[in-house]
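Note that subunit A is present in both complexes that follow, paired respectively with subunit B and with subunit C.
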Partner chain A sequence: MREKIIVGLALFAGALLAWNMNTIFTALPDELNQGAIYRIIYFHVPANILGMLGFGLGMFLSIGYLVTKDLRYDALAASVTEVALVFASIGLATGSIWARIIWGVWWAWDVRLTSWLVCWLIFGGYLMLRRAVDEPNQRARFAAVVSVLGSVNAYISYKSIEWWNTQHPQPVLSIRNGGGMAQGMEAPIWWNLLALACFSTILVMVRMRQESFAREIDTLRRMAHAQ
Partner chain B sequence: MKLILFAGWHTLSDLEKRVNRNVQYMLLGLGAAWLIMFIYVILITLRERKLRKELDRVRRMVEQPNK
Partner chain C sequence: MFLRQVWTIAAKDLHSELRTKDAWNASIAFSVVILLLFSFSFDPSSEQVREFSGGLLWMTYAFAGALVLNRSFAREMQNDCLDALIASPVSSAALFVGKSLANFALLFAVELVSLPVFVLFYNLQWGAAQVGPMLLVLVMGTWALTIIGTLFSALTVNLRLRELMLPTLVYPMMIPALIAAITVTTNVLAGSPPGLGIRLLAAFDIIFTLLAVVFVDTVLVG
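Up next, the complex of A and B:
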């Protein structure tokens, strides 16, 4: 059943991404001030949204583990956080390349960029911590605390463009009352978000299966040592 | 007249360069996004293969402890 869901989601995400790429490159005109480079927004924004949502979901799952001590919450939190980190990396890389053209620099130490980089480093540390601690319950407890702290930082990063005057633009999406884009230009962002969300769901499902393999290996090793 | 023509040509050339650079960086950005996803998919596939092998090995070890 899981395999069928993965294949179905992959086909849907692939078709949607192909249709989106066609719209982005052939149907949409260049932006008046930025030219062609603005098209990076169709990956930059969905990737960052998925990164932030993933870190947030990871935090709730981590709290779920801390409350129930059920290791399945921890496994799901680790899977979601790892995939979210991949999307956060895409957000940072695409943002930096976009900034090189629009701001003339690869990086600016403003609140949004710096807080998001700190967030990326915290969750990178989260994954390293998981590799460093062998005992499953201890690993889950430490990782849950890091996840909660990192997610607070992710929320600060999300709100930073409203709370402070940053080099990074203020909200442009209509959902955040930005209104900075024509409707025809905004819609492909949401379609790409849907496609990438399907893709990230596949990745999380595969990672969950790997977590269950790792748990089974751990159990069998203990049995082998006990024999 | 020659000066005006030269200035116009010069500006057009600069504009072309800017547009080309703009397109190059757009492709670089989109390429980077796909590349990061591609690398992660490769890494996750390799990890899956390694885990399956390890699981088979440990299963055999438990089923036939003397071998």
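Up next, the complex of A and C:
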């Protein structure tokens, strides 16, 4: 069943992404001020949205673990955070490429970029911490605490483009009262978000299976030691 | 009751630190070394130093403070003192707040000693009007460093990679508070109003103190 869902999602996401690429690269014109490079927004924004949603979801799953002490919540939180970190990396990299063309520098130290890099470092630390603790319940507890504390920074990063006058563009999407994109230019962002969300769901499912295997191996090893 | 327990823990930590003065001596010596090292990375007599003096000062405090904070829970490992503390009728929150207060006092004392050295080395001019705001930002910034540092000291105390994990986790967490403290300090030293950073620092202090007190039981006991 799991395989069928993964294959189905992959086919759907692949087809959607191909159709989207066609729209982005052939149907849409260049942007008036930025030229061709603006198209990076179709990957930069969805990747960062998924990164942020993943960190947030990881926080709720971590709280779920702390409340129920069910290790499945912890496994899911770890999987979601790990995938979110990959998308945050894509977001940082694509943003950096865009900045090189538009601003002339790879990096600018404004609040949005800095706070998002801080998030990236914190959740990288989260994954390193998970590797440093051997006992599963202790690992889950410590990771959950770091996840909740780190999410405060993720929220600051999310709000930073409204709270501060950043060099990073202010909100452009219509759901954040931006409305700064021309007719037909915003829709591909949402279609790409859907496609990438399907891919991240696949990654989380694969990662979850690894987690359950790891738990099984751990249990067998403990049983072997106990005898 | 809670306050008395907090006070007992804080007094115990300060007593044992004052007997050996290990962390105190090390972190003062370390902060002077850092101040010395900074002087090689730029021209220390230039006028520009004033513009980034806040950053230098807080970098020094963050690194020197780590020496104090790292030892906070690690010193309880000898003779299983930590297990005894957890088993004692003191709540985890009281244990944490007591240790934080002791760390705060120590770190603040280290800062007060290294601040004149800093002013001397980098030829900063001070007026009487700057003392009040400067003390305020020192207290708020130090509390932010202390609360994060003490919580992660408790979290990493049992890890086999403690020395590696602590800095990788603590410094990114401290960054928002450090940024706020740095901008406020630079403003105060330049003689201008503290600006928005003071509110950010206050928010950080409140949010992370609450989160730390809520989570410390999870970290120490489970």
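Heads up, the rule we're going with is that the second predicted complex is superposed on the first by the 227 of 227 C-alpha atoms of A that agree within 3 Å, B and C clash if a C-alpha of one lies under 4 Å from a C-alpha of the other, contacts with A are read in each partner's own complex, and residues count from 1 in each chain.
One rule holds in what follows: a residue touches a chain if its C-beta (ideal position, glycine included) is under 8 Å from a C-beta of that chain, and two chains touch if they have at least 3 such contacts.
Remember, predicted model here, so these are calculated numbers, not experimental data.
> In the superposed arrangement, does subunit B or subunit C reach more residues of subunit A?
B
> Taking the superposition on A as described, I'd like to know which of subunit B and subunit C A:F213 touches: first, second, both or neither.
first
> For A:K159, using the defined touch cut-off, is the partner it touches subunit B, subunit C, both, or neither? Pick first, second, both or neither.
neither
> Which holds for A:A47: it touches subunit B only (first), subunit C only (second), both, or neither?
first
> Quick one: is A:R2 in contact with subunit B, with subunit C, with both, or with neither? Answer first, second, both or neither.
neither
> Identify the partner contact of A:W98: answer first if only subunit B is touched, second if only subunit C is, both if each is, neither if none is.
first
> Please work out whether A:M128 is in contact with subunit B alone, subunit C alone, both, or neither, and reply first, second, both or neither.
So A:M128 only meets subunit C here.
> Do any residues of subunit A touch both subunit B and subunit C, and if so, which are they?
none
> Could you pull out which subunit A residues touch subunit C in their complex?
Those residues of subunit A that touch subunit C are 66, 114-115, 118, 121-122, 124-125, 128-129, 132-133, 137-138, 141-142, 144-146, 148-150, 152-153, 156.
> Mind listing the subunit C positions that touch subunit A in their complex?
The contact residues of subunit C facing subunit A are 151, 155, 158-161, 164-165, 168-169, 172-173, 175-176, 179, 207-208, 211, 215, 218-219, 222.
> Considering the complex alone, what residue numbers of subunit B touch subunit A?
That would be residues 18-19, 21-23, 25-26, 28-30, 32-33, 36-37, 40-41, 44, 47-48, 51-52, 54-55, 58-59, 61-62, 65 of subunit B.
> Provide the residue numbers of subunit A that touch subunit B in the complex, in ascending order.
34-37, 39-40, 43-44, 47, 86, 89-90, 93-94, 97-98, 100-101, 199, 203, 206-207, 209-210, 213-214, 216-217, 220-221, 223-224, 227
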